Structure formats: C-alpha cells, structure tokens
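Here it is, the structure, as structure tokens.
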Amino acid sequence: MKWRTAISEVEHGKESIRGYELTSLMAKKSFSDVVFLVLRGTLPSAAEARMMDALLVACIDHGIGVASAVVSRLTASTGNSLHTALASGILAFGKLHGGAAQDAAEFFSSQKDTADIDVLIGSLKEKKIRVPGYGHKVLLEDSRVTALCAKARELGFFGTYCEFALMVEKSLNAVSSKKLPLNIDGALAAVLLDMGFDPIQARGVFLIGRVPGLIAHIHEEMTQGPGLRRLREDEYEYTGGKNKKI
Amino acid sequence: MKWRTAISEVEHGKESIRGYELTSLMAKKSFSDVVFLVLRGTLPSAAEARMMDALLVACIDHGIGVASAVVSRLTASTGNSLHTALASGILAFGKLHGGAAQDAAEFFSSQKDTADIDVLIGSLKEKKIRVPGYGHKVLLEDSRVTALCAKARELGFFGTYCEFALMVEKSLNAVSSKKLPLNIDGALAAVLLDMGFDPIQARGVFLIGRVPGLIAHIHEEMTQGPGLRRLREDEYEYTGGKNKKI
Amino acid sequence: MKWRTAISEVEHGKESIRGYELTSLMAKKSFSDVVFLVLRGTLPSAAEARMMDALLVACIDHGIGVASAVVSRLTASTGNSLHTALASGILAFGKLHGGAAQDAAEFFSSQKDTADIDVLIGSLKEKKIRVPGYGHKVLLEDSRVTALCAKARELGFFGTYCEFALMVEKSLNAVSSKKLPLNIDGALAAVLLDMGFDPIQARGVFLIGRVPGLIAHIHEEMTQGPGLRRLREDEYEYTGGKNKKI
Amino acid sequence: MKWRTAISEVEHGKESIRGYELTSLMAKKSFSDVVFLVLRGTLPSAAEARMMDALLVACIDHGIGVASAVVSRLTASTGNSLHTALASGILAFGKLHGGAAQDAAEFFSSQKDTADIDVLIGSLKEKKIRVPGYGHKVLLEDSRVTALCAKARELGFFGTYCEFALMVEKSLNAVSSKKLPLNIDGALAAVLLDMGFDPIQARGVFLIGRVPGLIAHIHEEMTQGPGLRRLREDEYEYTGGKNKKI
C-alpha cells in the first residue's frame, strides 16, 4: 500500500506546499501564514493571519518552572544534542500540561449543542469528571486568556464556541468551591474551533507555538548551564528498607 | 543550586518574554518576530523579521518521503497522541537529516578565516571528511537555496559567511567527481550566521520551521491514515538461520 | 516538596535496590530476578523467577516489520546515537502495538467478577467497543500464547485471570465473524495479573522484554544498514494540488 | 531496496530469534541468555550467562536523583502513558550520563595497543581531553566496579581490555589532582569488550539493564506521586529584564 499525502511534494527540485510553490511562499508570506496553510490547506485571510499570530505568540513560553522546560534542560545537561533535548521536552506535554487544549476542544465540540449547561456541569461534578480547559495550578487569572478573547472579538472569531466556553465557566464557578477560570488551553481551544480547526490541530497549534520557547531554554542550558544536573541529597528521601539479606 | 533563566517569567499572572509583556507582544507582533525575540533577546528589525519569515517558511516541509515524516506517521499509526508522534519524528533529525545545519554552521564558524580554501578542501578530501552543508541525496539543485540567497542579498544579510559558503562550494566542486551544491542546511547556516545566530540556534531555526510540517503529517495520518502500519512481507527479507537446536 | 522513592538509594558509594545490597544481588541473582524485585519490592520465588523469564523472553522481538523496529531503524539511519533511536522506537508502542497489554489488564481487572460474560461481550459488540487482548493484524494463531499458557499452568500461575481471559475468548468468538484469538498482549496481561502485577506493570514487562530486540535492530542498522533511508518515489503518492497562485 | 535482518522472523505464527524457535527459548532459557543471543547471534556459555546477569543487574538503578529518573518522573507527572515517560527518560542518557560506556569502549578499542600509556594520558591531559570511563560526580569509589571486576576474574573475562582499563586508571591518577577511579561505565565497557561485544553494544547493555529501574520509577510516580510537578518559585530565578516597551 502506498503512502498518500496532500501536504507537500518535491519534484525536480521544486517544492510545493499544499499546491503552492514553496519559493513563492518564501518570497511573499509570513511564517504564521504558511503554518495556517500547511495545517488547513488554504492561505489565511488577513483576520485569520493576525489571529494565528496572537495564538502562536500566546503559547511561546511560560517560565522555566514547567515540566517541559525542566525536562528539556535536564536532558540537555547530560550532553545531548538539541533535537534530542527538544523531543524529551515535548514528551512532557501530557494531559495535565499542554495536552488540555485538545481535551477542551473535544469537550466543546461534543457538548456545544447541549440544551442545559448547568445540568451538564452538575452531572460532571457528580461523577467527579474534571472539565478540561478551566483552572490552573498556579494562576488565578491568566492575562493571555483575556488578551486572546479580546483579539478574537476584534477580529470576528469570538463565535459560538467562545460563547459556550464562557457559559461553561459561569456554570462551573457557580458550583465549584475553588475558582475555575477559563485557562489558556480552554481559550486556545475555543478560538481555534471558532476559526474552523479541529481538536487535534488545537493541540498542534499549542505545540508549534511552544517549540521556540523550549529551544531557547535548551540553548540557554547548553551555553550557560552548570553541566550535568542531578537532584541534591536534600531534595529527595529514600523510604525503602535497608540491609535485607538474600 | 537554583535554576536561572533570562527567557521568561510569570508573575501574578503576567507573563514576560525577554522582558517584554507577553500580552503586548500578542497584540502587536508576528509569531516570527517573537521567535526571533525568544532566541536572541531583542526584537528584530524589519529586515531581520522578513528574513526570519523566509528562513522558517523554507523549512516547513519537504515531502512525505523523509525519515522524520515517515517516523512521525508510523508512530501516529500505532494509536499515539500528537505530542508523542511529534517527538518521535523530531528524533529522526540526526546528523544526516536536519542536523547538518548545525554542523555546517560550526564548520563555517571555525573555518571562515582560513587563508586558502582550496588547501582546506583538499586536505579534508584527503582525510575523507565530508563537508557538511553540501550535496543532497535526491536533489541536484535546490530552489530553496536560490530563494534564500536572493532574499539574503535583498535584505542585506548576504555577508561574509554566505560568501565563504559559496567559495567552499566552488572549491568543493572543482575536486569532487559528483556535484555538491550548497544545500538547504548549508544555506540556512550561512544566512543565520550572517544574521548573528550561533550554530545551535541554526539547528533550532530549522526545527522551529519544520515542526508545523510534521504536525500536518501526523494530523493527516490520524484522520485519513489506514490504521496500524507495518512492513509488507515483500518489503523485507530475513537473512538469519532457521531451526537451530538448543 | 521532596521527591520520595522506595526503589533505590546510593549511600557512601553503596547501592541498595529495594533494600538489598546491589553487589550482593550482582553476585547471586539473575537479571530477571532483579527485574521482579525492582518492580515488586520482593525477590521472586523459584516459580515466579521461571515465569518471569518466559514472559520476558516471549516479548524479545517480533520481526523487522513492526512499527517500533522500523521507527528505531529509520531514526538510526539519519545518524543518531543508540539511545535516541531506542527512544523513538519505544514511542511507537501505542495502543495498537504493545500498549494493548495494559488495556487488556485493565479490562480483565475491572470485569473479572462480571456475572455473565456473554452479556458483557454482547453489550460491548453492540457499542462497537473492541475488547483489548484479542486478535492480531497478521497472526491467526500465536505460538507464544500457547507457550505462555502452558508455562503458567505448569508453574501454578494459571489462575482466575487466565480462566477469565479464555472465557472471554470463547464468548467473543461465538459472536464475531472473524477469528479473535487471545493474543500475546492478552496472555501477558492475564498471567501477570495472576502473578500479582498491576496493569501498568504489565505494559512495563512488555517494554523490558522488547528493549533488547530494538537495540539489536538499531545495532544492525548502524553497522550494516545502507545509510540515510527515505521512501522511494514509487512508495508514495502526492494527492494535493499544483501551481496554485498566491 | 528491501529491509534486511538476521535478528528475527515470524512465519505462519512461529517466531524465530537468531534462528532459534522462540517457544523453545521461552521453555528453556533465561531472559539474560536470550538478551545475549539477540545481541550476539549465539547462545551464551555458562560463564557468559552468569557474567551477563551480573552486568545487567549492576545497571538496574542508581537512585532517584539522576537525570534519567527525574525526567521520566516529570514526564509521568503530566499525565503521560508509561512508554512516553520511558522514552523521555532514555533520552536523558547523554554523553555525561550512561552514554560514557560507549565512549569508554571506543577509547579502549582504539588505544589498547598503545605502546606507552603514560605518554598517551599525558598528551590527552595536555589537550584537556577527558578520558571517558573514569571519575564520578558523586561517588569516589563505586562498589559496582569492584564487584564487576571480581566477577570478571572469577569467570575468566578479566582480559586485555580490563588490564588496559586498570593501567589507564593508574596512569590517570598519577597526573590528576582529583581522584579519577574507573567508574561503572568504564568497567562495563572493559568487561564487555573482553567478552567480545563492540562499543555500541556496550551502551546497549547499559540501557537494557537500566530500563527496568526507570519503569519502576515511572510506576511509583504514577501510583504514588503528587500529580503535576513543577519547580517551586524559590527553586529558580529570573535574570532577564522587565517592562521593556515595544
């Protein structure tokens, strides 16, 4: 069975991306334009292009403390090359860190037409199912979310998914004891759905946006880091037994 | 020992990237502007911004046949999530595929001030050391290279590294029996060095540029692929023994 | 918050594994004994030790055609080091390849006490939920399964989980149009549950068993492979458009 | 071009490993016997089998503080599956952590027949080239090394490579201001070369030995960990600027 793709081809040394000559894209289009093209198959409108820029910039980095940054830098510290350290950092984007954009998009997609949001949220709370895209381990309010929603309104992408996301936020906070604001994963998901992306692509946009930040961290570690890292003795505790006989 | 970074911070829910407010970058800057910022620490000039776009677009995808695309898609076909498939594809960017941008940049950096290029190339040929950044497994001429060099000239980034890269090309082809044109890795390396990036960052720019292409391949595999892939029986041969007794 | 572990420690240059002196384990115990120890916290009985050997050996390799072997070798072919190629191959063990051992173990764990297996299987068939641990893309009968079940009976580990797995097989094949034999993932899961392992550990045992096979493939590729691999032109097809104007 | 392998095949549901029936290996051989077989192509002698067990057990784990364990656990803490966390941990085995077994073996292989070791070591010291396989970030004496050397002598594998490794140790410590004992990577390398393994396989044996330890750490993190991990605010410092204007 042949492999099939509609993404790109190379013929006699001439590359096409989604049917467009690569050299012509290089001459006339921005990177985020071509990111949109390669994911969606069409070039973005001016509004789509500006929204993509805001979405990708929103994801670019979020401090050295997050698992993906720490993992990338630890892997770099053991003497690995850039692509190896980058891959390890990307692996740290599990369901609880980065991955929630896809989960939130899947939740919004499947539930948007629900008749009564309060009943839905109540039933999820009862089953102790966490709604993805709300709450943050550290942040109580996320300025990125406010900025994304403002930009989406300005550019005409604050549609039914964004509306739904805010209604869920309201309903959630009516029944939750702790504050559960729409977080960056949820906002990203809602805006991207309103732009016509699907949930897997929502996760993809997050990853495209964050890769430059991880690369900056790895570069900093490689050029200014202290060499091989490991936990200090006072950072861990051994709770197993001792001196067992065989 | 504390971890230290100058890349980004989050304070009271307000993110800074290299000292700039993230929300202000979201409002006013393009993605490639902020890619430049996060890697270099300063915002790009207009010329730097346009050069970055051309460089990143040049890398975005190169057909389904390359190892990174095949690896990503195989990993996706076994039922993995997007970030896992992406990381596996990134791991396929070894020295012979993608990694050469860094090697070429290191070669250009360390040899640029050599007095006699022909002597240098002759001596490498004698020691059978391959010069990174020249030649391609499939392409004899790469339109991306022509386009990048043209853009670099137009924007004022065709400097001493680019000149050196072309002199090496001339010298190489004078002694090589097969054609060894400057390839995309070499062109990327030369232009990025002339812009002030270092060799590790050159590899980083390639990876940032290619990640969207890989994500498009994984998305296509997940949504339109045939399910679990494996080699057909006629695609491999077993050359080991049979029926050995224990 | 401190990291905590009961697995191992190093104190004044003396290592303990689950409380046992490492050097004493090196002197007296086999590798699979210590694999059991590090996973379970106790040394195996003679029967457990022999069962572990059979389980790990069963997983060691399964031809060059599977996704994990192909991915490892592709990554090695681009000029990567062994650990990078190994990690990429491990990433290919998704839900449809290797990962099913954990899914099967979770299914057996959660359903073992079901009152009527035929009702359960009928209801899953109706909802089009695939039962993990049954069927194989290529094999109609798997000699590894027969051998594992025989060994488990001989050593006293053919318990209630194994019985349940066979009852499910019978029930499945009564309603399925294609043959769905208990496969290696299912057999591994059932025997390991009967030995007292949990579902995550079942997947772990598969991975421990298969890593040597992947390393043999990577070594073969590095020492005897053809260099950089890519798809031939007749192995793929481009289905996208051409010559679109910007 | 066909893929070719001498490692394993599956024919009509019957697996062969290096020509031996897999089910027969499952019935009669230990895991480390078959690890030896899959790497080397022949079954081990009794002495080789016992040496393999000691080598693999020596590598099985080395505390929670090393980069590979921390990386694996961080990746698990973000909600990933076992194989993803395992791959990330394996990526942390760079040149300075785990990878040195291969470097040491390459050094021993290429230098063993050197006429004057003191001259060699003096010249490397002058060029500030670190000799791989000596010294340890934490340990001054490594009981695993003593135990491996003792086992190798007992079983007849303390050959010319082991002798060479000890002569290098003597020579190194005559000129070094800090103690540089033969470390586990160096001891592993020397014994494996004396058994007939090559440098890539030496790294492979280390990885095979350590994978069960990593899996135990990931399992512990998944079942007893605190959930999503990140650095505390007092564990890092932001050294970049603030409030820059665009």
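Order as written gives the chain letters A, B, C and D; numbering starts at 1 within each chain.
Note that a residue touches a chain if its C-beta (ideal position, glycine included) is under 8 Å from a C-beta of that chain, and two chains touch if they have at least 3 such contacts.
This is a predicted model, so every value here is computed, not measured.
Relative to the C-alpha centre of chain C, the farthest chain centre belongs to B.
Mean C-alpha position of chain A lies 22 Å from that of chain B.
Centroids built from CA atoms put chain D at 30 Å from chain B. Centre-to-centre, using mean CA coordinates, chain B is 34 Å away from chain C. Contact of a single residue of chain D with at least two other chains is seen at positions 3-9, 25, 29, 63-65, 70, 80, 84, 87-88, 91, 93-94, 98-99, 138, 231-232, 235-236, 238.
Interchain contacts join each chain to each other chain, per the touch definition above. Those residues of chain A that touch chain C in the complex are listed here as 2-9, 16, 18-21, 24-25, 28-29, 41, 43, 80, 84, 87, 91, 231, 235-244, 246. In the complex of the two chains, the chain A residues touching chain D come out as 63-68, 70-71, 74-75, 77-80, 84-85, 87-88, 91-99, 137-138, 227-233, 235-236, 238.
Of all residues in chain A, only 1, 3-10, 13-15, 17, 22-23, 25-27, 29-32, 34-35, 38-39, 52-54, 56-58, 60-65, 70, 73, 81-84, 86-88, 90-91, 93-94, 98-99, 102, 138-144, 146-148, 151, 198, 200-201, 203-204, 207-209, 211-213, 215-220, 222-224, 226, 232 touch chain B in the complex they form.
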